[in-house]
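Next, two complexes with chain A in common: one pairs it with chain B, the other with chain C.
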Partner chain A sequence: MTYALKFENVSKSFSTSDAIKDISFEVEKGEFFSLLGPSGCGKTTILRIIAGLEQPTSGDVYINEQLINDIEPHLRPVNTVFQSYSLFPHLTVKENIIFGLKIRKYDKKEIDSSLEEVIALIDLKDHLKRKPHQLSGGEQQRVAIARALINKPEVLLMDEPLGALDLKLRERLQVEIKSIQESTKITTIYVTHDQTEALAMSDKIAVMSKGEILQVDDPETLYEKPTNKFTSNFLGNPNVFKGVIKNEKFISDEFEEIAVSNTKNGPASIFIRPEIISFGFNKVTSPNVNCVEGVVEHILYRGSWLDVIVSVNNTKIEISKENNFDLSIPDEGEKIYLYWYINKTWVVFDDQK
Partner chain B sequence: MNRTVFLKLNYIFVLIFIYLPIFLMVGLSFNESKYFNQWTGFTLQWYEQLFQNQNILNALYNSMIVATVSTFLSILFGFGIALYLFRVKNRFTSFVEKFIYVPIVIPDVTMAAMMLVFFIFLSNYLEIKLGIATTIISHTAFNISFVTVLIGSKLTRKLRVLEEVASDLYANHFQVIKQVTLPFVMPALLASVILSFVLSFDEVVISMFVTGPGSTTLPVYVFSMIKKGVTPAVNSVSSLMLIFSLILVTGVLLLSRKDNLK
Partner chain C sequence: MTRNKLNNILGLPGIIFLSIFFFTPSLFIFRYIFGSRTRTGKTSFDKIYFDSFSQLLDFNVVPIINKSVVTAFFVTLICFIVGYPFAYYIKKLSTTMKYFSLFLISIPFLTNFLSRTYSWKILVSKNGLITKYVSMFYDVSSLLFTDFAVVLGMVYVYLPFMILPIFTSLENIEDSLLESAKDLYANPFKAFYYVTFKLSLPGVIAGVVLTFIPSLGAYIIPQILGGSKSMYLGNFTVLQFIQASNWPLGSLVSLIILLFMVFAINLLFKFEGQRNL
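Here is the complex of A and B:
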């Protein structure tokens, strides 16, 4: 297999704490690979180690099968798009973009043709002569992307590049970045704490918590088949219950028996995603579904969808439904039945990490 | 009554308080009469006499040398210290960071006495004569602090990130300094050049202590003139020094304004 980037048992500790612990993963050539986790989980540290801005305390880092531990940052075939744009304030947009080529003494012809190429991907034609402070946040981030991209790095690193932008702009740039990545086939490591961003853009996602990678998978597997509690909880907004699995039944303080499709027994948590739960005003009896009775407590109107909080046996279950107008919305205080497919009840046993 | 009327009166009062003496001095430097209580006509004779006075010209020359060399030295050392404090963060540098500011708050007379004692002590072991060199060293000693503070204020987290960006874009250490660090701190660097030049050029107390015969600086010379009485010559030389300082300080202000626009 050809990988563009490989981490082998990499750790980094700072004087007070461990930033990352024994991290190993591989990124294939041309892959869009996201590091996803809450702030302080070590994802930015991984990026800085790839860029050479931090030295790992132990372990090895390879780019294209070459060990790069001792290579200085300016000699590494990687480029970074930093979180806060970080354009050079004293240079024009054009000078910012061609900075990396000029430093490496490319001749004028090469620089011009590279600039044209990158501007075909990222529309900045009207801004080339401006200074960064004359641009909006979104435009500045485009310049920062162009400045990294023009060097055709082996690995493109992006550190929460859209973190400072508002939602609409963020969504537009997500599409833009994804399509640039698809057309250039550049191996990309993307750091984000925004799960929808990671899910929408990535070929593969590594979920991180407290300096460790918990699961690496494609977005669909990660969302539907998380292997651990943290991932199950972090992605989406599931209903979580702690209890015991016995003979394909989940038993807890709140529930007498919820059918699950796991044959293993033992203490476990179940995760039921709000969007897989349906509701109705009549009890549903089918061997494929779980059905519980509850009372509508709250309805949160979210515009394009509704969150309904239902109280069931002294606990609460949240369901979310698309707002498609023909949905009959129950009233608060009304009795309803919730039902969902048994095989969609996701189980994570306590002994699973 | 308008609520701000007292603030306005206060403002006008302070303006008069500051500027009246200035206009008085500059005006009287053009007065034909030697006496301040009568205006007999406009003249440039005091300025002419000034430029024929060899003592004043010598003092001006000394001041220029002292200000130029001590500015150069304090920029060299001060920039170095600021960069060190910026690049290295540990217990030692946080200690240095606090003590580098001490010369700013030490009273001039104390600083002057300190430097004098220092030179006298050294003269036990080295051949040291009070003169231009000792004045330059003393001025450098207090200017370094100002330069360190001024340049240090531009060495921010933002610059650190920009330096990382540059090294990520293939710039080696030398290229990072040349392409990013220097342009970024240039306004503060120029401002500290002007500031330390002005501080040195206007300095009296320390210079009086550590200077020797034949190496008198201009402010020290003016001070000795005043001891003999305030003459029109004092007015004219002071006016020139004022204008010179104003021009330089305006330079600093313009630089800092340009910097804020970024």
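Here is the complex of A and C:
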């Protein structure tokens, strides 16, 4: 396998704190790789180390099998799309986009044809002569992407590129960025704190917390089979209960027994995602499902879906249901039964990291 | 509508002030140019005279204009060469040191301009500190009443006017822009030139205007450090008005200074307008 980017035991400490601790990962050529985590988890530091804007305290970074630790940032075959766009305010859109080519003294023909290629991917035709301050946020971000893309970098780095945009535009640009990445096959490292963004766009996601990578997997595995508490909690909005697993039963203060499919015993937490829980007005008895009784406490009407908060044995379980025509909405205070598949009850033991 | 009216009212005091104290005197000056100095020193206006224009050549004013422009040019150039790196240096200091440096730069403004210029007289006179130092390399006994002393004095006075606007424009440049230049293959030198320097140009232009204009019309510094033999446009004009009572020639020279300034400012703003295209 060929790796476009490899981190080997990379650490970076700042005078006051550790930014990242002993990070190792590999990114395949052409992969869309996301670094996902809350702010301050060190994901931007990783990006800046790849770009050469920060030096690692220890460890090695490789691009295409070549050690790049000591290579100056301007000689690295990577380009960055910064969160704040960082467009040059004194240059036009066109001058911004071709900056990287002009600096390296490409001749006019090459610049023109590269520009045309990029404009074909990213629609900026009408804005070429404008200054960045005359563009909207979304347009500015497109310019920033074009400015990086035109150089055909080995690795494209994107630091929360959509963070400053409103929801609708963000969703549109997610599709746009993803399709550009798929057609150009440029290896992309994408930093975000938005889990839905990471899930929707990535081939692989590294979940980070407090300077460490906790799990690297494809979006589906990550969401369905998280290996640790942090990932289970960070992705989605699961119902979490702490207790003990004994003989394929979960026992806690709130629950006498919830069936799980794990054979291991020991202290653990269970995660039940709101969307896997169904509800009805009659008790369900089946060897494949858990069923608990509860009282509807709140119903949050979200438009395309409903969040129902149900109080069960002095605790609360949140369920979320698509708002389709066959959904009979319960009343607040009504007694209902919640049920879900036993094998969908996700267990993370306390001794798992 | 009302907003516009309010705006006009806000401009009114300035408009009145400038009309009385700038525009009207300018008209007087313009009229005086076409007057003629009589024997008693009064100016005669009985017809349109062109005496002042011919005197421009008779009194050898052209070399004076030349010298003044060249001097102002060099003063501006030296201020830029010294001021830009210094402004850059201050920008890189910690916040406390930054404001401390700016405070130090502005201290001379708290001292009277005349006394500052007189203290330069001491420095460049026969036993002055600067004369002593320069005489180690060149054979000079006194630097007083030389063009060198005039340039030195002007650079001293006008340097802060170069440093401050450049500092302000450098201060407004975000560090992230330099990072993205580096990310786009610019080595430190190119990143400085294409980003830092280009973005600081408005400050440079302001600095150049603020240095060149007063140097061109300077009167006190050439008078004190240049002596009576060394003529600059500023003291030549004063000479015409006060000693020679030749108001037509004095007025013409004032107009010439004004035109040079307008020309210089125009050139710079044209350059500023074009550089982005």
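The rule is short, and it goes like this: the second predicted complex is superposed on the first by the 353 of 353 C-alpha atoms of A that agree within 3 Å, B and C clash if a C-alpha of one lies under 4 Å from a C-alpha of the other, contacts with A are read in each partner's own complex, and residues count from 1 in each chain.
Just so we're on the same page, contacts are C-beta pairs under 8 Å (C-beta built on N, C-alpha and C of every residue); 3 or more make two chains touch, one makes a residue touch a chain.
Note that the structure is predicted; figures quoted are calculated from it, not measured.
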**Report entry** chain A as common anchor, with chain B and chain C clashing or fitting
**Finding:** clash
Query raised in the report: Who does A:67 touch here: chain B (first), chain C (second), both, or neither?
Result: neither
Report task. Quick one: classify A:89 as touching chain B (first), chain C (second), both or neither. Result -> both
Query raised in the report: With the two structures laid over each other on chain A, which partner does A:53 touch: chain B (first), chain C (second), both, or neither?
Result: both
Query raised in the report: Counting only touches as set out at the top, which of chain B and chain C does A:80 meet: first, second, both, neither?
Result: both
Query raised in the report: Does chain B (first) or chain C (second) touch A:133, or do both, or does neither?
Result: first
Requested in this report: Answer with first, second, both or neither: which of chain B and chain C does A:295 touch in the superposed model?
Outcome: neither
Requested in this report: Could you give the residue numbers on chain A that contact chain B in one complex and chain C in the other?
Outcome: 51-53, 72-75, 78-80, 82, 84, 86, 88-90, 99-100, 103-104, 131, 147-148, 151
Report summary line: Within the complex, chain A is touched by chain B residues 158, 161-162, 164-172, 175, 179-180, 183-184, 261-262
Query raised in the report: What part of chain C is in contact with chain A in the complex they form?
Result: 174, 176-177, 179-187, 190-191, 194-195, 198-199, 275-276
Query - chain A residues within the chain C interface of the complex - result: 51-53, 72-75, 78-80, 82, 84, 86-92, 99-100, 103-104, 131, 147-148, 151
Query raised in the report: Which residues, counting only chain A, touch chain B once they are in their complex?
Result: 51-53, 72-75, 78-80, 82, 84, 86, 88-90, 99-100, 103-104, 131, 133, 147-148, 151
